[in-house]
Every structure is written in structure tokens, then in C-alpha cells.
Amino acid sequence: MNGKIALEEHFAINDTIEDSRVYARPEMWEGLRAKLLDFETERLDQMDEHGVEYAILSLNSPAVQAIFDVPRAIEVARKANDLLAEQIARHPKRFGGFAALPMQDPDAAARELERCVQQLGFHGFLVNGFCQVGSEDRVAYYDGDQYRDFWSVAAALKKPFYMHPRDPLASREPIYDGNPWLCGPTWAFAVETSIHALRLMGSGLFDRHPELQMVLGHLGEGIPFNVWRIDHILRKGRRGMAAEKEIGEYLRSNVHLTTSGNFRAPTLLSSMLEMGSDRIMFSVDYPFEKHADAASWFDTVHISENDRRKIGRDNAIKLFDLKL
Amino acid sequence: MNGKIALEEHFAINDTIEDSRVYARPEMWEGLRAKLLDFETERLDQMDEHGVEYAILSLNSPAVQAIFDVPRAIEVARKANDLLAEQIARHPKRFGGFAALPMQDPDAAARELERCVQQLGFHGFLVNGFCQVGSEDRVAYYDGDQYRDFWSVAAALKKPFYMHPRDPLASREPIYDGNPWLCGPTWAFAVETSIHALRLMGSGLFDRHPELQMVLGHLGEGIPFNVWRIDHILRKGRRGMAAEKEIGEYLRSNVHLTTSGNFRAPTLLSSMLEMGSDRIMFSVDYPFEKHADAASWFDTVHISENDRRKIGRDNAIKLFDLKL
Amino acid sequence: MNGKIALEEHFAINDTIEDSRVYARPEMWEGLRAKLLDFETERLDQMDEHGVEYAILSLNSPAVQAIFDVPRAIEVARKANDLLAEQIARHPKRFGGFAALPMQDPDAAARELERCVQQLGFHGFLVNGFCQVGSEDRVAYYDGDQYRDFWSVAAALKKPFYMHPRDPLASREPIYDGNPWLCGPTWAFAVETSIHALRLMGSGLFDRHPELQMVLGHLGEGIPFNVWRIDHILRKGRRGMAAEKEIGEYLRSNVHLTTSGNFRAPTLLSSMLEMGSDRIMFSVDYPFEKHADAASWFDTVHISENDRRKIGRDNAIKLFDLKL
Amino acid sequence: MNGKIALEEHFAINDTIEDSRVYARPEMWEGLRAKLLDFETERLDQMDEHGVEYAILSLNSPAVQAIFDVPRAIEVARKANDLLAEQIARHPKRFGGFAALPMQDPDAAARELERCVQQLGFHGFLVNGFCQVGSEDRVAYYDGDQYRDFWSVAAALKKPFYMHPRDPLASREPIYDGNPWLCGPTWAFAVETSIHALRLMGSGLFDRHPELQMVLGHLGEGIPFNVWRIDHILRKGRRGMAAEKEIGEYLRSNVHLTTSGNFRAPTLLSSMLEMGSDRIMFSVDYPFEKHADAASWFDTVHISENDRRKIGRDNAIKLFDLKL
């Protein structure tokens, strides 16, 4: 299918590039590094070759979220966003942007988001999970009270946000000790990101801002598969969940999924049966994943051609109000 | 459907009953307590009413796994197993047993398992996740080297084991801080149990014992939904995973799922498309779940009547070599 | 689900009521007869009880299509449409109308359709398959050249049409000889209607009128299940098919399905995977089918609540531009 | 997947080869003709290239069923079966046989079936729909009383039969007039074959012979998609259906499907949800279909690898008791 739109496509800047080294085997690192720093050569070639017309780009992970020195987090976010804006200006028909935000300082994050949306024309923001604040071991999740005003600003801008994975701190997840293969995209990404997403849903965020839209990659980080069970259990007792509705209602009203890195038909089918095809969108997760893998699967996976057009393109145009 | 067989059905003894209090709202606790301690009245009534002919019973969670005083763990396991054996003897056509094991002492656990299978006629064992050993905060997962001989004994007995959820220790999972609603069956159970199951699969356990069979409840604790992604990532680099094959191969050769507590068609469908209907079995999770919910769903869920008979009954007869 | 809209809901007038006798066992006929002639009592009660807010009504089958005396066909159609218009006027929030048309005379049919849409406010027309023209054995299908102008009129009115089943003439389908149980809705309806629908698609009708929309009941009369095979075969040679595109393209661009009389999840799933959920709509086929059967299935069938709302209501509002 | 087994694979002899000409465009006929007459060159090459280890071969369509001169039908059947037996003897690890039978003479057909099974080692028989008897226009379906003894013989041999499509006689299906593109595998094959299969199921054949097994190609000729509706309608009144059970019960107890010529995932999924994966088997429909199309689809279609092995190989080994 031509004209696809992809939403979880990453770049890096010099200040953040080293964060991605852990996700490549040593012999592959130089290649991955080059791809992350590149905008105009291999990235566009790959998009052309595999029918991706437009990509909304975002900084690598965890990047700004891991910079516990707050002023530096603010500075790096701004730098990354400015560089991204320049690249978008050179290829406005091919690239859009998600803002990187210094969530360590909710006020600064809100101001940077306003700047990115209102001045740079970005489509929202992408956040790599929790942030570290002030010291390596102090973390913040965005259901915290200190983010109330931030979310009001984000909602007022009427742009979606992407909740992207990061690895948990080793000090906080001893369950992976001795099993490094479970870290990263194998399993820990989905655990960490699903819990953060559920915390947001359970916090009442989407009661306060019913129009706010969250995007989850990897076909939902496992949530659609177990969402019935979540609500079934909560119906027996809310146990401190602040939100007014069921998790499934938020999932169907405030959440969109992308196919990034999860190119699998039964998983897509299960997600479609929980969410409907209006809330699923194509993505690659470039350069951690290959356009070839994503597109060869998506272009032939046995769904209706009508759904392929929606998932591959139309849903993103509608959600982000793209002018394509 | 009549003649169903259920596999994740719990009882408690006085020494373990308090472990379940946390899973009931205060006003529901007396009812749950009674149901856990009962064998012959409400339990059999419910089974009769909802077409469950035979149930393999197991101790509540975490029970023995949480008794860090090792001699006491050994004693409580033995007591629970003896009591269960008595009940089975009274209703051999209705009840079977999974052994509770003092995994804190792998040798003792192996001997107790032999006793349960060879003398008491149990169908295998059910373990509630990691065990605490010696002190509250010291935990052991069963991919550890100290369990090598235990697994050899278990495999030689040619009986399956059930990897059942328990909650993580709060000290080891700060991610749930402030969100108690995510603990237990809402979400933490699946996270904890899926990781333990993956650790076993990744450890080479099923390479050493290719006939050994593990049962997972709740339609697979989220693993089938993401198993393609796991193997896709591992194909790029094993990062210390010891096992020889892909996780999906173990899933399709060494794992069975039950429907306990996850009465949802799209999830069942996704699991069937990953595992095939030969490796899925009906279960309730009584008394934490109701027979009425499990059976009214399972008896009408839109799968082939041929699959209903297999999932509802025949697969369990085959796996456990039941004489029904 | 409340607020459902149903699209294949039938009434009869005295001139056509006897056509339905064959579809009821003798002891059931009086009940069916009364239901077909009723508008305001049992019909509205049933709709209320089962959450159907609005029904587009249509004459029973075959009715006008079987009146080979052309002037009488014209007269009966007009009479049925007038009576329907009166009932709609009494309950404009509950009933809409599909025109019955004297297809025996394409010109008269076109004029009656214009009258029904422009003056009576009908939502399109419903046709019970082929018509008999002039004599009992002379039949016409609507891919015939004589219908070219009729279709131009129909397309200009920008209203969908419903291709509804009728039984084939015994003289033309000896394959059912000795097997009356295969006639009617058991099997012959789907065979007859699918072929007529395919003839229309293959005739180039939707090339000439790309905006024209056809509705098929019973989840597509078997076409979605085999549409891939149809196009796969036609790719090897068109063998006289006049249309420019593939059948699957017409199915996805010019056809909508309803659930009338086919309350089955795997069939719905297969249709959704061929058509997408935007082109499927709830219907009952009252009074030949029961609201209780249709609604109890549809309200609980395991699709996304988002799809349930679309299929149950929103798709019909959009297709027929309903003011609800 | 290697080791696949295919069940609807055709050859022709000089006496029957012309029957297939209608199914090829003129410029393709020489190629198709050569493939039908070939056993050892292109056929085995294709099987090797696409991982088909073993094929049960059958005569082309309609062949013997269309020879209304009864003695000649008997003679041609015998000739075809003898030639097939010779080829099987040359490649016993690659080819098996389905008998062609002169159904025009039920006695002769029974005797020829006994000869084929008992002396030639065939796996059952394949019949191309109704036969013409005595004159071009006189047809017989096998639910007729004259076939009672034939079916007793067939059942006693404990071998399955394959109900294969043929085109209806033009004189008996005027509905296709002017639409030749609907004849053959596009649509008429499924209509004709589904009705014949339903006639058999409705006749009580499988009540008299509950072990008898019928194989249907093309994922069931449309029956699984509508089987719920068939039984739903029949529950309101049997209207002369002789059989004791529901059609769905026969489908799940006496029918197996193959994938021949219907390489489509949603259709496979729908059939699996009606029948279970134990009753579906891989097939190509060579040389009317290509091994490349069948295998490239089947080897990658997103079902469990466990189901792929069953559908691709193990189910056929079990059904036909193959020594592979």
C-alpha cells in the first residue's frame, strides 16, 4: 500500500544518541547510530521504498526522560525539538514532529509543548515513560498531582500524545536480575509502558480531559488482550482507582494503538475486536525495526482493504488533522 | 456443556486461609472464606449446577510459597496435601489434586511431589510463583540453578505443573506505589507470572526436559498476545537467553493455557491462533471467580462445538490421563 | 444496546400477505400474518423491548416482484408505498420506508421511486430479487439492458437499495426437487440473491454509478466467504464479465451488509475482515425473525463496543443520512 | 512447511481430457492439458518445490459423471482407476488414489469402489457431483433411494469420499444465462456442490452411516459461513428434511474441508471457528490452481504452527490412515 503514515519513528541528536547503544548488538551499533542521526538519506529512501509517505518523528528513548539534571533536560529537549523543526521545514510533505518534553519540570514541559505545537507546528508529544528527577533514582509518573496543570495545557492544545516505552531502572525491577534478555523490547518495555498507561487511565486524567488522546505502540503493550479481565476484576471493587469509568471505556474513547514492532495478525485481530479499526494505526519503530518487515506484513495481512486504508493512512490523517 | 473439567480451583486450610483476605472486599470476606474451606457443599453444588464434572484442586495463593520459615513451609505443604487427599478419596469422581510444594527447599519439594504423585495420586503440582526463603525479602525463582534436580524429579514423574500467580512483594515492585488497584488479578498477577514463566522458558528447562508441560491460567498471562514480538526481538540477539529454541516453540510444545478468570472471546481467539485449540483448557478460578460467569461464557462463546468439547473436557483428559 | 436501527423489517398489505404463508408452519401462520399487518402494537412493543429505536420498513417477499400482470404490479406497489407513508407519518421517529417497485416496468419503477423519495421521504428501495413479467415464467434480472435508465434515476436520487431474497421459481431450479427444506431461507434464498447481486456487480452497474450503494442481508448471502476465490478465478480470465473492477472492490465500495437472520459470530467476523465494520449494519428480518434472537446476540457478541455502536446505529445514520 | 499432503489434485486420461478445456483460456489450454496428463515430471517437480510430500490423485471433472452411456461410464472409470494404480505403484511414497466411479449404475459403482480399495489400495473415492444417466438431461443426485446399497458398501469400506464440484447443466440453471463468468469455479461450482452436499446431509445418510466421512473442497463450498442460519431456520420447521440431527452436527462429525482453491485467511478462520482445526486439510486443486499460490499462502497464513502441522499434514494422515 502506498501513502502509508508512520507514527513511531525515531531520530537522535548527539546528546541522546548513546541512550540507544544498549539496543544494538555491538557489531550493529554503527549502523543503528547512523540511521538515528540521519534524516534525508536512508530514512527517506526506506520510506519511499516501502510506501511510507509521511512520518511523525520523535526523539530516541529514554533521552530527555533520563536526564535527571532538570535544566539540562530542558535544554536538550529544546535542542532536539529545534533540530526536528528544521528537518520538517526541509521536508514538510514527509516529516512531522512529536515534541520531546522535560517532564522533570511540568511547567517547563507545558511551555515547551506550547512552543512546539504553536510555533513549530508539531502534532503533539511523545514521552518515553517515567522521568528521573533531580537524581538517578528519583522517578515520576505522570499520574502524579504535580502534572495536573501540565495535562490541562496539553488537553487545551488538542493534540494527542504518544506513551512510548523505556526500560525500568534496574534498582526498581529486580525481577529481571540475571535475565537481561527480558529487558528492552522483549518484555520489560511492555510491562513498564502498560502500567504507566494504566496509571494514567486509572487516575481520572481522561475524566478531566475527555477529549485527550493517548497513542500506544506495539499494538497496545498487552492491554487489549487483558482489558476485559481488568474491568471484570475492578467491577468487584475499585480498590482506590480514582477514575470514573472502566478501563475499557478509556481504551475505546481515549486510546489509539500503532502496529510498531508487533507485526502479527492474531494480535492485530484481537486488538481490532477490542478497539475497532478506527483506533489502530500503522507504524514501524524505525530504525529499531525495519520498514521491510513492517510494510511487507502490513501490506498483505488479511484484513479488509477498507481497514488497511484506514489503519495505514486515514486514521492518522483524521487524528492529527494532517494536510496530505 | 456438561462434563467440563476445571483446573484452577482453589481451597484453603486454616494455616493459609488468611492469605486470601486481601483479595476480597471486607463485606465479602466471610463468604469467600467459607467457600475456600468448603469441599462438599457449595463447591459441589456449583460444579453440578454449571456442568463441571471434575475439578483438580489446589491450595490458595501464595500460601506455602510465602512461608519463608522453611520447616514450616514443608509442614504446611504436607498438611494441605494430606487434607486434599482425604477429600479426593471421598469424591474420587469429582476431585483431583495438584500438590502444594515447599519450593524453599528444592529437595524437600521433590520428595513431597513424589509422595503426592506416587502415593496420593495427584496430577502434578501448582506453584504460586516465586517463594520467599529464610526471610521475608529473599526470593527464589525456579529457573535458579538450585532447582535443577527438582525439575529432573518433576519431569521423571511425567505430570504437568501449573504456574499460578501471586502478588509481587511491595519492596520489589515500587511501580505499583499509590496504585493498589493494579495489584492482584487486575494487572500485577499477569506481569509477575508471565515473567516467571518466561524465565523458565528462557532458562533451557524445556530443552533439558522436552516432555515437561507447564499450565498457565488466564489465557496465558498476556504471553500469546506478544509472543511473536518476543521472538522477533530475540532473533536480533539472544542477550544471554540460555534456551535453544524460540519462546513460541516452547509455548506450542510445552505450555497449556486455561481460561481461568479471562472469559473473553477475542482473547481466546488470539490464543487459539497462537497455540491451537489442543492446548487450551477450561477453568474457573473458583472461588475467586464464579462458575456462573465462567460457564455461561464458555458454554456459548462462538467457537466450534468440536473445540468446545476439546477445551471443555477432552484436552484435560488427555493431558492428565484422567480416568473419567 | 439501545438506539439500534434495523433495516430489513417487513410488513404486508392485504394484496401481498398470502405470499408469506409459505414461510410459516400452518400453526404459526395466524401469528405471522398478524405481525406483518401490524405497525403500531406488537411491532413497536418489540422494538421498544429490544432497544430498536428506528426501523426502515419494507413490503414482504416476493410481493410486487411476483405480480406478472404489470398494471397490477404498478398499482400494488403504489398502494403499499402509500400505506407505508401513512404509518411513517404517524411515527416519524420510529419508522422509515423502502419503496416497493414495479420492476416489471422499469419506467414506472423509476417514476414510483422518484415519488417515494421526493414526496414520501423514503430512504431508497428494497427489491425482492427478480421480477416476473407478463407471464408466470418470464423473469427479469436487473442487470438487463432494459434497466439502464432505471439505474440512472436511482443513482441520481442518491439513495441505497436493498437486494432482498425471494425463492426461485420451481421451474427454474430443479435442483431443489424433492428437498423442499432447502427452499426459502435455509439455502435457496442465499443462492438466488447472491447470484443476482453478483450479476449486478459484474454488469458494470457500479462503474456507471460509482456512488450507488446496495445493501445485502444475512451478512452478505455467502459472498464475503468466497469473494477472494471469485476474484482469484476472474484474474485468470474475465469470461464475459463486463465490469471494470474486481468483485471485491465493488463489495468494499458499493455494498453494505446487514445481520438480518444470521446471528452468528464467526460469520460476522469473516465479513468484518472482508468488508470492514463501516459497511455492516444491524437488522432483524422481523417478523420472520425475532427481535429477541437478533438483539440478544448482537448486544453481546464479542466485538468492540466501538464497532457495536457503528454496526448497531451509526453506520445506518451515515448511509441513509437519518435525522435521529 | 515441508511434508504437506494434498487431496484435491487432478489428472486426466485421453477419454476425459476434453472435459477440462472449458476451464482454460484458449492460449492456456495446451499447458493445462499437458499438466493433467502428466504424472512424473512437472507434477512431482511442483510438489517437490512447494513442500508437498504426498498427493491423493483424482480424475478431472466431470469425466465419468458426465458419460450418460452407462457401459461406457463403467469402462472409463475402470480405465482411469487402472492407470492411476499404475502411477501409484511407480511412486507409492508420493501418490495415492481416489477412485472414479460410474455412479450411473450404483451396483457397478459399488463393485468398482470395492475393487479400488481392496485391490488397488485407493483411499476412497471422489465424485464430481451429480451424474447423467442414460441421456444428457437425466440426472441423479446421490441422496436418491437407488443409492442406499451403494452407501452401505462405501461405509463398510471405511474410506472417506470427496464431493467435488461440477458445473450444472445449462438446461437446469437458467439463472446463469448471459453470465458465463459465473459458471465454473467463480460461483456455480460452490452452489451446485453445496446443495448436493446438503442433500446428502439432509437425507439421513449420516444417520445410517455415522462413521462415513465426506470431504468438501474450497473451504466448504460456502456451507460453514451459513450453517448457523440453516439450522436456525430448520429449528422452526423441518419441512421434509429426513435426517435426525442438525446440519451443523453432520458438518462437525462427518465432514472435512480442504483449502483447495480458496487461499484466504478470513475464510479459513471462519471455517475453523465452525469446524475446528481437526477437520481442515491442505489441498491445491492442481493443475487448475498453482502449488505456488496454495503453498505460499498456507505456509505463512497466521494460524498457530500447531494448526499448520495438523492442517498441512497430520489430519490427512489420521483420516486416511496413511503410512508416511
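Should a chain be cited, it is by its letter among A, B, C and D, assigned in written order, with residues numbered from 1 in that chain.
By our rule, a residue touches a chain if its C-beta (ideal position, glycine included) is under 8 Å from a C-beta of that chain, and two chains touch if they have at least 3 such contacts.
Which chain is which protein? Per UniProt: A, B, C, D = 2,3-dihydroxybenzoate decarboxylase.
Keep in mind that what you see is a predicted model, and the values were worked out from it rather than measured.
A count of C-beta contacts for the chain pairs C-D and A-C puts C-D on top.
Taking the CA centroid of subunit A as reference, the farthest chain centroid is that of D.
Computed from the mean C-alpha positions, the centre of subunit B lies at a distance of 51 Å from the centre of subunit C.
In this assembly, the C-alpha centroid of subunit C lies 34 Å from the C-alpha centroid of subunit D. Inter-chain spacing, taken between the CA centroids of subunit A and subunit C, is 45 Å. Contacts with at least two other chains are made by residues 264-266, 269, 273-274, 302 of subunit C. Put simply, subunit D touches subunit A in their complex at residues 264-266, 301-302. Listed in rising order, the residues of subunit B touching subunit D in the complex are 248, 252, 269, 272-279, 302-307, 310. For subunit C in complex with subunit D, the touching residues are 25, 28, 143, 168, 172-176, 179-187, 190-192, 194-195, 198-199, 202, 218-219, 222, 224-226, 228-230, 232-234, 236-241, 261-267, 269-270, 273-274, 293.
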